[in-house]
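In the two assemblies presented below, subunit A is common to both, partnered first by subunit B and then by subunit C.
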Partner chain A sequence: MSEGYHIVVCAGIVPDPLQTLQPVQTPTGWGLKNEMMLPAVLDPWAAHALYEAAHLAKKTPGSKVYLVSLAPKAKLQQVMMTVAQKAAFELVPVDGPASGFTEAFEVASALYEAIMGIAGLDRNKLLLFGGWESASRGAGSTLQILGEMLQIHDQFQGVDECTVNPDGSLQILERVEGGNHQVSVCKGPPVVLGWATGNLPEPPNNPQIGMSNMRTIMPALQKAKTAKIGADGVFFGSVELPKQLRQTRVVKDAQVDEIAREILEWIRK
Partner chain B sequence: MTNETLSVDRQEIAVDIACVGFGPATAGFLTTLSQTLMNSDGSPAIESRVMPGAPLQVVCYERADDVGFAVSGVVTRARAIRTTFPALNLQDIPLATAVSREELVYLLDPIGASRRPWYMRFADKTIRALRRILPYEKEALRLPYIPPFLRKDDGLLLSLGQFHQWVASQLLASGLVQIWPGTPVAEPLIEGDSVKGVRLADQGVTKDGTPTESFMPGMDILADLVVVGDGPVGPVGRKLEEKFGGSKPSHLNEWAVGMKMVVDLPENCTLPEGTVIHTFGFPEPEIFGFLYVYRDRVASLGIFVPSWFQNPVRSAYRYLQHWMLHPYLWQHLEGGTLRSWGAKSLKESGKLGEPELIGNGFARIGEGSGSTNVLTGSGVDEAWLTGALLAQAVIQLAKNGQTFSKENLEKTYLKLRRGSWLETEATIAQHARNGFHWGFFSGLLGMSLAGFTHGMLHFPRRKKNHRMPSLEEFFKNRIAPEEIAQIRKECYAKGKSLHDALMTKAGWPEIPFDNKLLVSHQDALLLGGKVQAPDSYADHVLFLYPELCDACGVKLCAEMCSGQAITPNPNGGRPNFDREKCVHCGACLWNCTQAQPTDPDKTAVEFRAGAGGLHSAEN
Partner chain C sequence: MPEKMIDDVTLQTLPGDAIRQIMWRFSDRFDIQMLVQSTRAVARGPVARLVAEGARSTHDWTDQKAALFKHFDEAGITGAFLDPECGGMIEGPKNLLFALIAFELAWVDAGAATASLAGNLAFAPIHERGTPEQRLHYMQRMVPPAPGENRKPLRGAFGLTEPIPYVGVDTGALGGKVRIAEWPDGGEPILHVEKRGRFITNMDLANFVTAAVDSDDPRIKGSCMVILEETDPGIFDRGAPTRKLVHQLSSTRDPIFSLKVPASRIIGGYKIKDGVIIPNYSHGDIIEAVFRRTRITVGAMTAAKLLSAVEPVIRYQRGRFRGTPTVQPGSSRYELGLQLKEDTLHRLVDIWASGEAAASLVFAAARLFDEIDPLEREKDRILEQQGVSGAWAQMKVFRNLRPKAMEYVELCAQKPEHRDTSRFKELEQDPLVRYMVLDAVGNVLCPASKLWNTGHGANMMREALSLMGGYGITEDCPGFLAFKWMDAQLEATYEGPEAVQRRQLSITMTMDIFLAQFRNWIKEMRQIASRRPGTGACTLATAMEMWLWTLEHLQNATDANGNKLYHSPRQGVTFALADALCWLLASRYQIRDVLELEEKGRNNPMVAEGLDGTLAFLTDLCHVQSARASGEVGRICAELVHGYNRHPSWDGESCHPYTPTELDALESVAPGIAGGVAGHADIMSTEGDPHPCKAGPCVRFEGLETFTRMRLKLDGCLTGARLAKDRAAQALTKVMIPEALDYPQ
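Let's look at the complex of A and B:
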């Protein structure tokens, strides 16, 4: 496709998954204990979507990547200092909560507004990328709702690969049960792809890309509109972290079969 | 493979100022600088040379994956920080708390395993005998008097990670400086007697540095001024010391590992917020401890294990647990939960370890520049001041259109630094630790002498470094040589360090893990430190001489390794290194007991630029 794609990647931020998370009631509803103290990262599934978008854009001249992110502006800016070195994109920030204790329709509506405000966005070139799932406490339905709002009916979830065929159609591999992929072909944009982990490694940090991105990221952040997002009308019956039991043992060079056998034994206990 | 042996096309970018490392010194530098870069009408107050019409182009490269992944529980008078932020509101900084009360506590040995000289054993017995009339509580004696040079009456408690996040968010919001985490700097670019910039670490290489198909050579960042704030073990600072001179060989005796935890205190804990407790005497006489109570019942606590603790299997983690279990502290900690854990090396030589602070195109700030004051037990505010002073100098030079030459930096930065309270106090403190090279009591006496006489009286320095005793010498009369030999054989065959087995044998009780606060060393890494290491970089710890490692009888690099990243190699030769456990504390660099054959002032460990490390912003 010579004219290129307009790839819009929707990516929120989440607390660095390595942090200790503890749900607590706050005056404004559920949240995480010390949430603003926690370092944040781009939602890992959405980050893979960004890498795939950058890869596709690089292979398809004339393409452009937009990163649409609903997050507290200050936290988003901090995250951008890492993400901006990975791939070239134009940031479309929306200032608002990224706690995950939000209502998916409201989030999708805010993202819709932001996408519709992108100057020069061509629906006929539009690939809407995002994470198949989210490391936040979101319902995992935002991308689908957003796709429907944009009246994009070709939607694929759990995508691991997207290949452009010579005729411009897209071949898409979706995860299905049993470790297999379902292969689909659609004629092309507009299309929604909810990415799983994909096949690409995390790109190295490239300071030149970072500095180039930063020329547009900073003004965009300064102009970011605030979205009123909450969880009005949503009732959380209970909120809790998955129970975890931890046992650590350091073993070097153990065989895979041996590790699997030991884990099974441990689970059965 | 080193940068020099690779023939590759490196990308270059030019900036006005490149900073290496985002610590408190660089934070002070960037904050002070950014307050002056723009005029009120939005025009640049100082114009960029590399981008005419724009303000100064200032970038900062930080090795860690986030600006908040720093380590230090800080009690500080915050004089310099408050000067920069006159309207400082502690509520704006998570965990920041005003100091409300201070204790200096001598911890007796409740176990009988501590290696105490006769006079400390006598002191313990006497204190117990007089406990009804002394301020004694749970095997501890609260000293009725805290020397003024140690007091932090008007001070603050900070989490360095949270403070960094707070400062960085303001800096980034200003849009005037760029801070790039996850970007290790490999070395300075030196031409003749000038520094022309820095080179970032290569990516897309194997652990041994061999380029892969995704090889991306580290970019050259050309800069008029390189601000070096990469800490005491940073590769850029150490390269500059090699080239331009620096601290004397005695620096090997002037280190400590600080290991700490951040803890949710139990609900029944009665320690008021703002409490500061400093301890000495236990678990070993040479080990000092601290416990600071932030707001919301969170505490920062830890110990310092110094280089003058002549224990060939010194290890911070096990000692930290025994320290927490001391009855005086455990009464407050029992039932608490680990939130965060970390460790770092502290360059405690202060002014004695001061390197060449300036040169053509570079200036050094922060701990690596010798700013830590061991007499007052303070380093963060001092580091901040060095950065703030350099920023003032840079503004002056840039506004006058002058270059960042050695001569100009001497007239500005060096002059400001020499005329500051930092210099006055560093001079008082410079010999304060000499006594510890002679022993524990003489160390305390030396600190007092230096403190009360403003540095006029102090113990003399020992001319030669102590030789680390052998295991057999250290455990004489406690563990038989045959038992040591057996433990060594068994542990090394399993690739384990020796300290756990030897401490247990020497009478230290096993740690009663509760899986909340008392956890295994590996769980502390995973739960508290969340240690990470990205691939695509070369290993940053190198053992340069396998034959020396083979001959080394103590392998202190492995014993002292804060994250158990270094372990003895069952096959002999170089120890194993697992960077996915490395917290980048740099202890291996100065704990190695082997001197390089070509340079006896250097150890046989090389500590290079590397990415990753701790992933906690609360330390």
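Let's look at the complex of A and C:
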């Protein structure tokens, strides 16, 4: 594929995983305590998608990376101060909530609108990247819905690797049960890849790349359209954080097999 | 604690980037925000890992430590000082940027901050006073390699300090010498430089050294700084490593140089007159220009450490009793742990308040120098155009400009609607006037931020680790608090120990252009106090008045022996007043930053959500800090005002306790004194005794009434300060902190 890809990476933002996350009822529905004030990061799985996209774009001359993000734009701007240093891309922001308590279909619709609005985007070169799930909502549905809206039917989820074959087809490794990968080959774009962690480390910050990205990011943020996203018709039966359970026993000189057996027993309980 | 004091509106989370960007005024500087983020990633990533792995256990320079430079280069830290035309990223003055870089690195390890900024210090003499050719030549060679590029950039060291007895910063005498080795006919002289350095940072890596030397040859006039390169002919011996106990992630050695270099290496160039080389700048001129900027970054380091201590201390306190079978989840002992004890909270409030004040002070200083930098260049250009050269000629120009500068300061204090706008504009647009006015403050803020942040900061760091108990003094302590405490002592020492800062302050703080602005600041604090009494601005204004009064008093008064009080050998007076001033300045800038947040915070949705609570808390911290500052100032002033008068004895005519008439007179100052004292047998003479038991006779001197009135007022101004502390303490029990520290331990 000599003219390169148009890689659209969909990535929201989530509270920094080290923060204390406490679900609370707000006047507009469920949310997290102090959500606006907590530092945010790019959704981790989607962030891997971004690094993979940048890597692929670098290897494939003529490619372009777009980062489509639905988030409160002031917060998105703050997150961009780091993310913009990781890879060259054009930001397509949509101003709206980044909460995990929104409905996947509504989010996908807003992303669809934004993607359709990208000038010069060529469907025949389109690789739609994102996370196979999100750190704020693990449903893994947004990207699939969005793919359907864009009528892209080659969809892969839990992707760890994507290589371009000499004939232009794509070989894709998807995570399946038992720590295995399923290997698929598809003929090329358009395709949806919901990334797991991929293989690439997080690139170090490069302020030079950041500054050059910022030249387009700031105007894009200023012009960002607002999307009304909620969870119409959705009822949250209950909301709670995953429980942490800690049972510690100090034993000296335990054998590895013995430890493994005990852990298995504990998990099965 | 009474229920009504526990305000619902309180701090929700630890202040995040958006809040700091507003307070420290870089919310519209994306370039700076990016460098802050990239620096933070290096600090809390590779730097923190190195510290956690124990790399600080040796003063030797190791491969591990050297590897940090790759990260510094990639993150844009080592290249931050470069101008865009030389491959740099940031346009314009960079003082705030450096302060923020130092802050981010020192949040984890100040040695890393020192290492990464040492190149900047080495280059600073060339940047500030070098010829355009020197500046360009070295800047281009110092550009860090782009990612993937395999090129070694030039690294530098700053060589001033020498082995005893010469040493460095504060000495006119230098052991390092320069002679003329050869002077070919019509050609460029070749110099022979002999210099021994002591405690020179970056010496393991430096490819060049900017060294201070004195002439040892009648054909060279005075002192200068020269650039030495490792490839110059002669000895470039990096010397023995300094067996230091602190800042272990930086390299420090005692180098020895004996090198031949062309005269074009004299920083700032030279002239030849009657066969004598006259350097354009003495080493003193250059280091003054350098240190007034680089000292600010040092102050930023200690400020960062104080603020970095808050989160680990809170986490330690809250988790202190968890895990005991008798302490059940949900119980207050489980949830709050040591935070149930008032003292632990109050002490942490003090640490946090000091950290806020230190950060506000140092970033204000940095921003001020960002304003001064271009003005200074403009001033140099104008003076050169006018043919003014040399320190004396410059001083004359400024002496003539003094009335204009004073007028400008006066107009600044007037409300815009009341002042002569055209005159104000005219003066404001006069670069020399503006330079003079800002420079007067810069000359105070730079030493003040270095002195107070590092000195008081070191004391408060000790408090911080004591709140962690035994854990605090171990290598395992989260946040590396013990290292940070030790390191603070170096920050208080290098680039001029505290005495040097105090000496500078004791001169610059008496300059009339500074004092005129200081008077305006008192008015400003009074105005703030009327709008926002909770800030403690009122207390501060009173303390500022007292400081000013005391300074003026001591400048005229003599001690009991008739000796002058305020003059440079009398450091017991001048240094103490310099210390007092620092407390006031730190508090003032702290209050101003909180007001900035109040004004701008609402426009930022990330800040607006919890703004009222954040403001309430930060305002309480201002109050706590201003009360502490006032206490210090009151104590210092009282000691100085009274302390140099001889204690009265009973042998003189005038030595007697207050008579009833005198007490009545003092009643206007201290209501109730007459009645109170009169009822006190200890003090009033009783019939038949030669003089009263125990208590001595009372003090009298010119100005006593005024001073006493101020003291009383100051005490009264403390009203509410402890309530503010209680509220802040309560906030510490409620504030949400992350689950874990975002760097290893």
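Quick note on the criterion: the second predicted complex is superposed on the first by the 243 of 269 C-alpha atoms of A that agree within 3 Å, B and C clash if a C-alpha of one lies under 4 Å from a C-alpha of the other, contacts with A are read in each partner's own complex, and residues count from 1 in each chain.
Heads up, the rule we're going with is that a contact is a pair of C-beta atoms (placed from the backbone, for glycine too) under 8 Å apart; a residue touches a chain by one contact, two chains touch by 3 or more.
Bear in mind the structure is a predicted one, so any value in this text is a computation, not a measurement.
Participant: Looking at the combined model built on subunit A, do subunit B and subunit C fit side by side or clash?
Facilitator: These partners clash in the superposed model.
Participant: With the two structures laid over each other on chain A, which partner does A:P72 touch: subunit B (first), subunit C (second), both, or neither?
Facilitator: After superposing on A, A:P72 lies in contact with subunit C but is clear of subunit B.
Participant: With both complexes superposed on chain A, which partner does A:Q222 reach: first (subunit B), second (subunit C), both or neither?
Facilitator: first
Participant: Would you check which partner chain A:M36 touches, where first means subunit B only, second means subunit C only, and both and neither mean what they say?
Facilitator: Both: A:M36 reaches subunit B and subunit C.
Participant: Look at A:Q19 in the shared chain and tell me whether it touches subunit B only, subunit C only, both, or neither; answer first, second, both or neither.
Facilitator: Both partners, subunit B and subunit C.
Participant: Of the partners subunit B and subunit C, which touch A:M214 in the superposed model: first, second, both, neither?
Facilitator: Touch status of A:M214: both partners.
Participant: Just which bits of subunit A does subunit B share with subunit C as contact spots?
Facilitator: In the superposed arrangement, which is not itself an observed complex, subunit A uses residues 16, 18-20, 34, 36-39, 74, 78, 81-82, 85, 204-208, 210-211, 214, 218 for both subunit B and subunit C.
Participant: Across the complex, what residues on subunit A touch subunit C?
Facilitator: Residues 16, 18-20, 22, 33-34, 36-39, 72, 74-75, 78, 81-82, 84-85, 204-208, 210-211, 214, 218 of subunit A touch subunit C in their complex.
Participant: Provide the residue numbers of subunit B that touch subunit A in the complex, in ascending order.
Facilitator: Result: residues 11, 13, 59, 61, 65-69, 94-95, 162, 165, 168-169, 172-173, 175, 178-183, 200, 203-204, 214, 216, 219, 221, 339, 495, 515, 520, 522-523, 526-527, 530, 532, 534, 536, 564, 576, 615-618 of subunit B touch subunit A.
Participant: Going by the contact rule at the top, pick out the subunit A residues touching subunit B in the complex.
Facilitator: Within the complex, subunit A contacts subunit B at residues 16, 18-20, 34, 36-39, 74, 77-78, 81-82, 85, 201-202, 204-208, 210-211, 214, 218, 222, 246, 248-250, 252.
Participant: Provide the residue numbers of subunit C that touch subunit A in the complex, in ascending order.
Facilitator: Listed in rising order, the residues of subunit C that touch subunit A are 12-13, 16-18, 30-31, 33-38, 41, 71, 74-76, 89, 146-147, 604-610, 736-742.
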